[in-house]
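Here subunit A shows up in two complexes: once beside subunit B, once beside subunit C.
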Partner chain A sequence: MSSRPNSIFSAPRWLIIGVVVMVLLAFAPPIIEALDQAFWLDVFTRMLILSIAAASLNLILGFGGMVSFGHAAFLGIGAYAVGIPAYYDEYSGFLHILLAVACAALYALITGAISLRTKGVHFIMITMAFGQMMFYGFVSLEEYGGDDGLIIYERSNFGDLIDMYDDTTFYYVCLVSLAVVLFIVHRLVNSRFGMVVKGSKSNERRMGALGFPTYRYRLTAYVISGAICGYAGALLGNFTEFISPEMMDWTRSGELIFMVVLGGTATIFGPVYGVLAFLVIEEILSAITTYWHLIFGLLLVLVVLFVQGGIAGLLRRWFSKKKEAV
Partner chain B sequence: MDASLVITQLLNGMQLGVLLFLVCAGLTLVFGIMDFINLAHGSFYMIGAYMCGTVTMITDSFLIGVLLGIPLTLAVGYLTELTVVRRLYQRDHLDHVLATFGLILIFDTGVHLIWGAGGMAIPLPQWLDSQIRPAEDIVIPTYRVAIIVVGLAVAGGLYYVVTKTRVGMLIRAGASNRTMVEALGVDIKKLFTLVFAAGAAIAGVAGMMISPITEASIGMGNEIIIVAFVVIIIGGIGSIKGAFVGALIVGLIDTLGRSYLDQFLKLFMGAENAETAAPAISAMLVYILMAIVLAVRPQGLFPPKVR
Partner chain C sequence: MLRVEALETYYGASQALFGMALEVNAGEVVTLIGRNGMGKTTTVHSVMGITQPASGTIEFDGKDMTGQPSYAMAQAGLGLVPEGRQVFPNLTVTENLVATSANRTGRKDPWTLDSIFTFFPSLKERRSSMANLLSGGEQQMLAIGRALMTNPKLLILDEATEGLAPLIRQDIWNVLERLKHAGQSILVIDKNIVDLARIADRHYIVEKGAVVWSGDSKTLMADEALTERYLGV
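Entry: the complex of A and B
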């Protein structure tokens, strides 16, 4: 929340920009089809899935101040919740989604209960270590491919309801999921629950003194975030039709954090902008040179050093400047 | 279980332990003084290995490779502090991890650019490529012993510097109350640059020592850094003693777990189940240990006083 006096008036602005972006995204498939660039539909589908994951991370990182450096583990758990049942010829999509969300939430509950006993740097390192624990755990599960990963031979089956094999349908499933998740996040952070979580970010001791059991509130937020990210993982597993532990490596978690920060933490649509920018930069840079990670790393350092508030912050400043000019 | 195998595994565990300690030393000191968390610390481990490897190739001497590799890694650490890290002290931890994550990408791709994607094998000099036979059926490679000796020597040297010298006194004082040390007229920025660069060089030494066994490769730093985090969480962040004890515990448990967990599990469950479960559990063992330590003592085993 900005403390500027015009924040009440600027509030709908971010909503307008965000809704415009979402509507534009809804028109993406016909445009891409008209341009005959099927490849970009893949890029955009991936972008939507990662946006859900980034939004779930933003819920605890941005609004709750809990810097989880192990969020890729939730993606992996969600994807394996599709892959492992499929390995045993169980293709029911409803079961996949239920498993993905339940397993991710359970893992979040266990690791969160331990990690949230600590704060700051400890929390960062512990979530990172737990993420890496899942990575090594799945690497040594030879039954499910170990290091090489697991091929998902059939996507989740929702009967006649949804055809996951139709690329456009799948795209809209992801888009609607993202919209619902963003709405949930919006409602959550503006609820009483969200106020307590945000209050714990700025001053946990005060919230405690006010009588709120902050640990429980933070843990609940952590579990919700994990469950949403597990759902994103299930979509990702369906999308790539392949899962490997590499998907849960800690560098993946680092990328997710960068997406959130790039877009602007503690904003509703920030994660979407962040992922969009991230993937576009990735596509462009990797087309220019094989050493694109070098430029990417430089960009990351520069963004941290010089761009405060991410893309959402830039947009907000840009619009408020315009307003002053008028 | 025969005795020679147990001894070999114990030595392997010790070796991993001292190497981990060398990586953790800089990490924990830097955090102790400046509250700065450096994900790219593992990169110095990697850069040390490549620097040493290159000099070894040119001069045909591993010893010169190590002796020149140390100041070279020190220089990289110094430049990193000067250009990027220095600007981040006043920021929050999220900015620390993001910027140093960027540094990892830069270092990894930089190494890829200079030395190529493949690893760099570093030949072991002949005078180290032998074996010690303390008993009839016990064979110990000399180089493993050398690693442990060097690691313990560095640990001893660090202990001496931190507890007995003026610089060490300043480091300890800086860790317990930075503002007060500054008020007393100490240039804490210079001190931090020194500690950061020295920490980088010590991590580099660890990379140099391991490279003749595993060869220098691009991902090596990113693998060890997470275990290094586990070590300093177990030991207590900011504590050099905690890092030492934590490193040895983690090194021994990880090595012994990988070798003997299946036999241990067979005491409780069927042989087949034990053999499936053991690799997965032993891979996660140090993280489970971390979780247990945290559940009992969230501040670690040896938390530094006054923080």
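Entry: the complex of A and C
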């Protein structure tokens, strides 16, 4: 085989696969329309939004080794940041996004400052406890529907810029958001900041002894992650036009963790693969049997046991084998 | 440069250091020697602020640094090469070197990636490898390089050559010798007394958490009873 002068072919394999998947996703709306399967556009939009949330979780879980079991709280905060202003007839999308990101970041700063003083199982438990506090906090807010949730009568208004009511437009808003978030994560983890966070994952004490106050670095990563997830929450609120505390339940946080692990932790595109697989398998299995949870659970256990590095690892190995065969 | 006095450190209820004291002057190479479990690593950890001592004083560069967290000690100019190397396995060789690099001590001719690679040619060849794929000797060089990249005033090596093949050991000693000639102050822990005596200026023998003897290389090597008593197995 001759050497390939084109620089595209010298790009790392994981990047090529990831970009191909993103390009395929960009073609999803016309294909879905041609097949007259509008329902699947909903599934894919949901998938994009959850991918943003999973990517934010992966930033701290995969790269930073901080297993947050309360990440769904950020989604809920973001969604309520759309729902509560809308309840008071405030529909400005810019305000919604600003509120979602700012509130999520503030919540991350406060809870992270406390949680990050603990490690391992304790960190998992305390983040879960904070998540449940938010859950019950919103359950008790009768004004905003409490347990029953809050219907969002109008989606965020971006004036003439974006029409959130157009399903295809909304899909592309989510896709572009995801691409930007993945780019940000990529830049972050390869920056010096990212190296310190990654180094703290493998050996926090050592990072400290080399002159870095690891706590501040980890907290910063935690706040960035929360802010991104808050943004995803704002999209989710717009998408479902309904928000209830159930969105913040710890089982939701567990699902997010699973999506990240399924896709491949500490990889850029892993969360996207994880969410894609999770939602598609969920849809297909639930159409076959009402006991789909059982099969799904078994499948997930098998993936964790036998597929090293999740789907991202699987894809990478698969493509490298093919290349050798050529 | 570094002065440690009356250090007492506990692990829970059990006391490990009993009035540990030592001093390293600028440009000196000083060793801590003694059998396993005598408190050499505990001393280093106490100085670095990794394990906080219960009492005693640590003075570095004329400032009282007692009770400071480890990152502050490192920022003040202590560069530790830890026991067991402990490179970051999930970072590449280059990332290990640049992630924590800094020149907080304001060194005129600071270490750079290039100068580290010139110093350790084998690291250059493996610059994109993940650090956990390196051999033990390469990892030790990486750990030294990583510490040098923080431009420390005092380089501390805990078990500099433990677990390395004899030939690799010689490489490490040669590295330390070159660093010494370049004026680097070094505090080193090791068990190979002959090699240490060749390089170091002064020695402290540690026994049960305190210094029982200190002196220069010549005196140490001349007194066989001494090495037999405190270092013999």
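The criterion applied here is as follows: the second predicted complex is superposed on the first by the 311 of 326 C-alpha atoms of A that agree within 3 Å, B and C clash if a C-alpha of one lies under 4 Å from a C-alpha of the other, contacts with A are read in each partner's own complex, and residues count from 1 in each chain.
Simple rule for what comes next: a residue touches a chain if its C-beta (ideal position, glycine included) is under 8 Å from a C-beta of that chain, and two chains touch if they have at least 3 such contacts.
All values derive from a computational prediction rather than experimental measurement.
S.K.: Would you sort A:Met125 into first (subunit B), second (subunit C), both or neither based on which partner it touches?
M.R.: first
S.K.: What's your read, subunit B or subunit C touching more residues of subunit A?
M.R.: B
S.K.: Is A:Val67 touching the first partner subunit B, the second partner subunit C, both, or neither of them?
M.R.: In the superposition, A:Val67 contacts subunit B only.
S.K.: Between subunit B (first) and subunit C (second), which does A:Pro213 come into contact with in this model arrangement: first, second, both, or neither?
M.R.: Touch status of A:Pro213: second partner only.
S.K.: What is the shared patch of subunit A, the residues that subunit B and subunit C both contact?
M.R.: Shared contact residues on subunit A: none.
S.K.: Once bound in the complex, which stretches of subunit A touch subunit C?
M.R.: 192, 195-196, 198-199, 201-203, 205-214, 266
S.K.: Using the touch definition up top, name the residues of subunit A that touch subunit B in the complex.
M.R.: For subunit A paired with subunit B, touching residues are 61, 67, 69, 111, 114-115, 117-118, 120-122, 124-126, 128-130, 132-133, 136-137, 139-143, 250-251, 254, 257-258, 261, 265, 291, 293-294, 296-301, 303-305.
S.K.: Flag every residue of subunit B that touches subunit A in the complex, lowest number first.
M.R.: So the residues of subunit B touching subunit A come out as 31, 35, 37, 39, 84, 87-88, 91, 93-95, 97-99, 101-106, 108-110, 112-113, 222, 226, 229-230, 232-233, 237, 276, 279-280, 282-284, 287-288, 290-291, 294-295, 298.
S.K.: Would you tell me which residues of subunit C are touching subunit A in their complex?
M.R.: Within the complex, subunit C touches subunit A at residues 48, 50, 69-71, 73-75, 79-80, 82, 86, 88-91, 95-96, 98-100, 102, 104, 146-147, 150.
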